[in-house]
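In the two complexes that follow, chain A is the common piece, with chain B as its partner first and chain C second.
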Partner chain A sequence: MSISVSVQANGPQASVTLRGTLDSMSQAMLKQQLEPVLANGSVSQIRLDFSGVQSMEAASAGMLMMLSHTAKARNKAIGIVNANAAVLALMHKANLGKVLSIQ
Partner chain B sequence: MPSIRTHIWNGRPAPCEHDTLPIARIGTVQPHGVMMVVVPETGAVEHVSANVEEILGVPARLALGQPPMACFRDPESAGRLAEILRPGRRFFDNPTPLSANGRRFEAICHLRNGRLFIEIEPYVDAEHDYQSMVQAAMEQIARQTTVAGLYDAAARMMHHCTRYDRVKLYKWLSHGNGVVVAEHHAPDSKLPASFLGYHFSAADTPETAKEILRTGKTRQKPTQRGSVPLLTRGPDGEPAPSGDAVDMTDCWLRGIHPCDNGYNRNLGVGSNIIFPVCMDNTLWGLFVVHNKEEKFLNYDSRAVIEQMTMMFVSRLIELEANEARMGERQQLAMQMIGTIEGAQAMLAATAAARGSHLQAVRPHAMHAVSRHVAALAPTYVSANGVDAAEPGRPEDRFCADLLRVADADGAAVVRTGPGGHVHLVGSTPDALTVRGLAGLFGTRLPAFEEGGWRVFATDALADFVPGGAELRRVASGLLAAPIGSRGDMVMWFRRERVVDAVWAGRPPTTAELNSEAMFRPRSDFAAHRAPLAGASRPWLESEVLLAAQFAAAVGEFWQRQQRPAAPPPAPAPATPLAFGAMEPDQPLVVDQAQEPEPVGTMPALGFGFMPAPVAPSRWTSVG
Partner chain C sequence: MDGMAMAPRADGAAAFEERREQAPRATGTDHSRLDFLSARVLEECGHIRKAGATLSDTLESMMMEACALSVSTAETSDFLQRSRTSGEALLGRTREMAGLADAARSQAEMARGRAAEGARSIDALAQTFGTIGDFLKGITKISQQTNLLSLNARIEAARAGAHGAGFAVIAQEVKALAGEAGTLSANIEGRLKELLAATRSAQADFAAIVEAVHQATATLADLVTRQHGVAETIGQECRQTEEAAGMVGDVSDRVTRMQSAMAETGEAYASLTRSLDTLTVSAEGVTRTGDAGLLDAQVQTQKAVL
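Showing the complex of A and B:
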């Protein structure tokens, strides 16, 4: 398995911790795991903790953009935190910061 | 861990003369912008393009060795450049607006190999603002429910953002050739010729160009007017060509090879942009955007299209998996593992049962169960002895399911060790050939490395393994995954699918591929009909992943069976069966004399014992 996801919701904030490699084949699992969070009306902020993500590939950047689109449509904000240097470099190359918040 | 896509081998079989062109280190820059390569530690310009005087009004010899601010007298621009040069910066909020010589520019910055690249492009207005473009792209991509619809929508959106004359979506096929799968024309297109459905030869893209495209780097060529040299200080302190000193892989302004310029001119194209479509660091295809006249697209528009390309890939993976019913096939694979586990439990229980009335029932039961799952069970019963194991028939449910899991025309399970055999299902090469193929992993075919996905797929086996027409006919497509690490393997095959292809120009012959002709721009794009043979339907990434997971799950089960969890029940006395052969890798053989009735007479022993499926967590969702 290339990615594992754990979700903790605390009031309006949901924290999603990812571990592994985010690639074309793991994106379906991430989407599936995030669906309840996106459907949760009391959550307004979703924090994706990338500290355990070793690498990420372009299709996953596309998936994160689509996710941000869905979240915005449901009045939620998505932010990415703790990405490592390699992942951060890919995010910047993809101009992901123009679509969602990266810290 | 390498992505699943790296296990799909569909490259160009024959090398081409122009494969080693030093494209990344071409030493030239496109004429519409200025490139500066800066040493971050000193802030001094180490390389600058020769057109710096023409565009910024500063001679190259004065720009070299100075900070980039020396070319910008406007204090606001100089301040922004100073911020770019701030020590420790790794990322840049591109683009940075600048002005010089009474003109507006945008600077695009990146770091590579310890050097700061500042590319200064002319400012042009975008067709739409960034936010509205990205919003429209997201909505269009998200709305699509079919792969074909996605292709068309993406091509339409490309035109929406660029307003170029023609957009082509080009998909790579086996042998490294490609086909245009979608096309969109501007209503007033000055390039009315359509290439929809046309095939393009693998030789059109040198391997070094593909290497750069694989990084996801967009290639914009606003003009076909050639390039200007990149300069650095020579030994005498005067500007001299930089040659191949600078790796421009990530540069927008990287110069164009004359052959490439000629190719586009011969197509009647004045300006083009190529957006690579990458799936897990491999190249799926390209969006190729053409304009009759010279045209320049600003950075934000290119950024939106790059993002749209990423969204396109993400949605494509989903839709391809939906259309291939991968969710159902994953469930099926899990049920099959459950069946194998259940069958094994039943065999063990039957073998251990006591009572004389079981003497007759036992071989019937064991064979009935085994003939369905024999190939993939840790122990198996063969009615005719291990050397003559019956080929599975596609009408048998387990065999049919084995084919359905991979949507294959044929399958084989290769068992090694004492009594090893090849179990064939559907349309396959003969057992000897299958064994031969299995033996090629680690030599002609890649070894199955530990620590990653252990799987191999190709749509064009003959590109790697010489074989006759019969092998190509039944096994152009091969998907193979080892079970455990002793050489056992499951293979799926797809038949050759010969495509009656229309090519954009005659593809080069092998002799031409290895000649100087490859350094001359292609001029023939007229429709040329020639079959595209030697390849099967392509394997999807999700199918390859499922195959890897399936084989790994079978292997795990076999391994579990080897561990003595509890003392086994005492075997029944006076049994005619070879119970000593109940080790996982050993066959369990029914005597010829006791061959049971065909399974059709024993419906209760079919798949009615389906145990609970294996834990879903073992599987990565592909649906």
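Showing the complex of A and C:
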């Protein structure tokens, strides 16, 4: 199952809305979609909206972790919002909450 | 380069102009050597970039594996925690059952004592019936002697003739009374024998009850011992589960440290990439012809590092 990504940049803040399942097949697409946002010098805050994500593979948390470090190296902060309970539990088990903000 | 790298951007243009004035004229040989070196630097930068990209991919794969491992250890830890809780509940129930079985064993011991006491009472009753039988034999004997006396009395009354007629009537009555006493005594003895037989039968039943209660007590004692053994085993399992949970916790801590180390490696990689960009810009500047290209490289380098 794939994931759809929509990006809305508004000044220093970019909002990225995800829909579908985040797994090894779909995470390459997410990275590809996020690359212009990471390259955008005017963006300092990236908000990943997980309200449309039904499930997520544990390994994808590693991709998000590395994404967070890449963003940090480019002086950007990443935050995750609206994740469902199962996805949220998985994120915490993967220690994702230690490197980025999860709400 | 270091000095330039630390200078504020606003001073870059001034420095450029100053260096341009002071720069020695490069000869054709210098240029070809610089071209060669810068080409080598760019080539090496390309190799480092490729290696860096591989490192980055590997790092991301490792981070993904570390996260999967972290989730697995967290879930294993949860499972062990639940197992421990269930084991402790089972241990509590088993101990409770062992306590109940022990109480039942005590009750059975008490019943066994009471049954033994009852058996002794029945035995005493049977002995009492035997004594009563002896008394009845005495009564029968007296009855027989009385009958004999009445016979003698009637003989003596007959010899006395008319004067003994009244005495003969009394002797006849005594005979009738002795006969009734004998009959009653025989009836009582018959009933007593039946009662004695029933008591002996009850005594045998009581003995069987005592034996059954004895067996039940032994079985309950065995059950109590086994339940204590089961409780001990469950307790050991709980302790082992707790130890396993501790080990999984250690694994989880190590995974967390591994993730931190990989994050630091990622940050070092990002820093390396930035340095590589700077070096590439510098080398590309050098390849441009003339002193202007060299100085331009210095300025580009300065811009890149700021």
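Heads up, the rule we're going with is that the second predicted complex is superposed on the first by the 102 of 103 C-alpha atoms of A that agree within 3 Å, B and C clash if a C-alpha of one lies under 4 Å from a C-alpha of the other, contacts with A are read in each partner's own complex, and residues count from 1 in each chain.
Everything below uses one rule, namely that contacts are C-beta pairs under 8 Å (C-beta built on N, C-alpha and C of every residue); 3 or more make two chains touch, one makes a residue touch a chain.
The structure displayed is predicted, hence computed values, not measured ones.
Placing chain B and chain C on a common chain A by superposition gives a clash between them. Shared-chain residue A:Met29: touches chain B; no touch with chain C.
Of the two partner chains placed around the shared chain by superposition, chain B and chain C are both touched by A:Ala58. Once the two complexes are laid over each other on the shared chain, residue contacts for A:Lys98 go to chain B and to chain C alike. Once the two complexes are overlaid on the shared chain, A:His69 sits against chain B and chain C alike. Comparing chain B with chain C, more residues of chain A are touched by B.
Touch criterion not met for A:Val7: it reaches neither chain B nor chain C. Two complexes overlaid on chain A leave one chain C stretch from 3-11, 111-119, 219-227 or 237-245 clashing with chain B, and it is 237-245. In the superposition on chain A, the residues of chain A touched by chain B in one structure and by chain C in the other are 24, 57-63, 65-66, 69-70, 93-95, 98-99. Chain B meets chain A in the complex at residues 1, 3-5, 90-94, 110, 130, 134-135, 138-139, 141-142, 216, 278-281, 303, 306-307, 309-315, 317-318, 321, 541-542, 545, 617-623.
Within the complex formed with chain A, the residues of chain C that make contact are 59-68, 70-72, 74-75, 255-256, 259, 263, 266-267, 270-271. Only residues 24, 57-63, 65-66, 69-70, 72-73, 90, 93-96, 98-99 of chain A touch chain C when the two sit together in their complex. Interface residues of chain A facing chain B in the complex, by the touch rule stated above, are 1-3, 21, 23-29, 32, 57-63, 65-66, 69-70, 85, 88-89, 92-95, 97-99.
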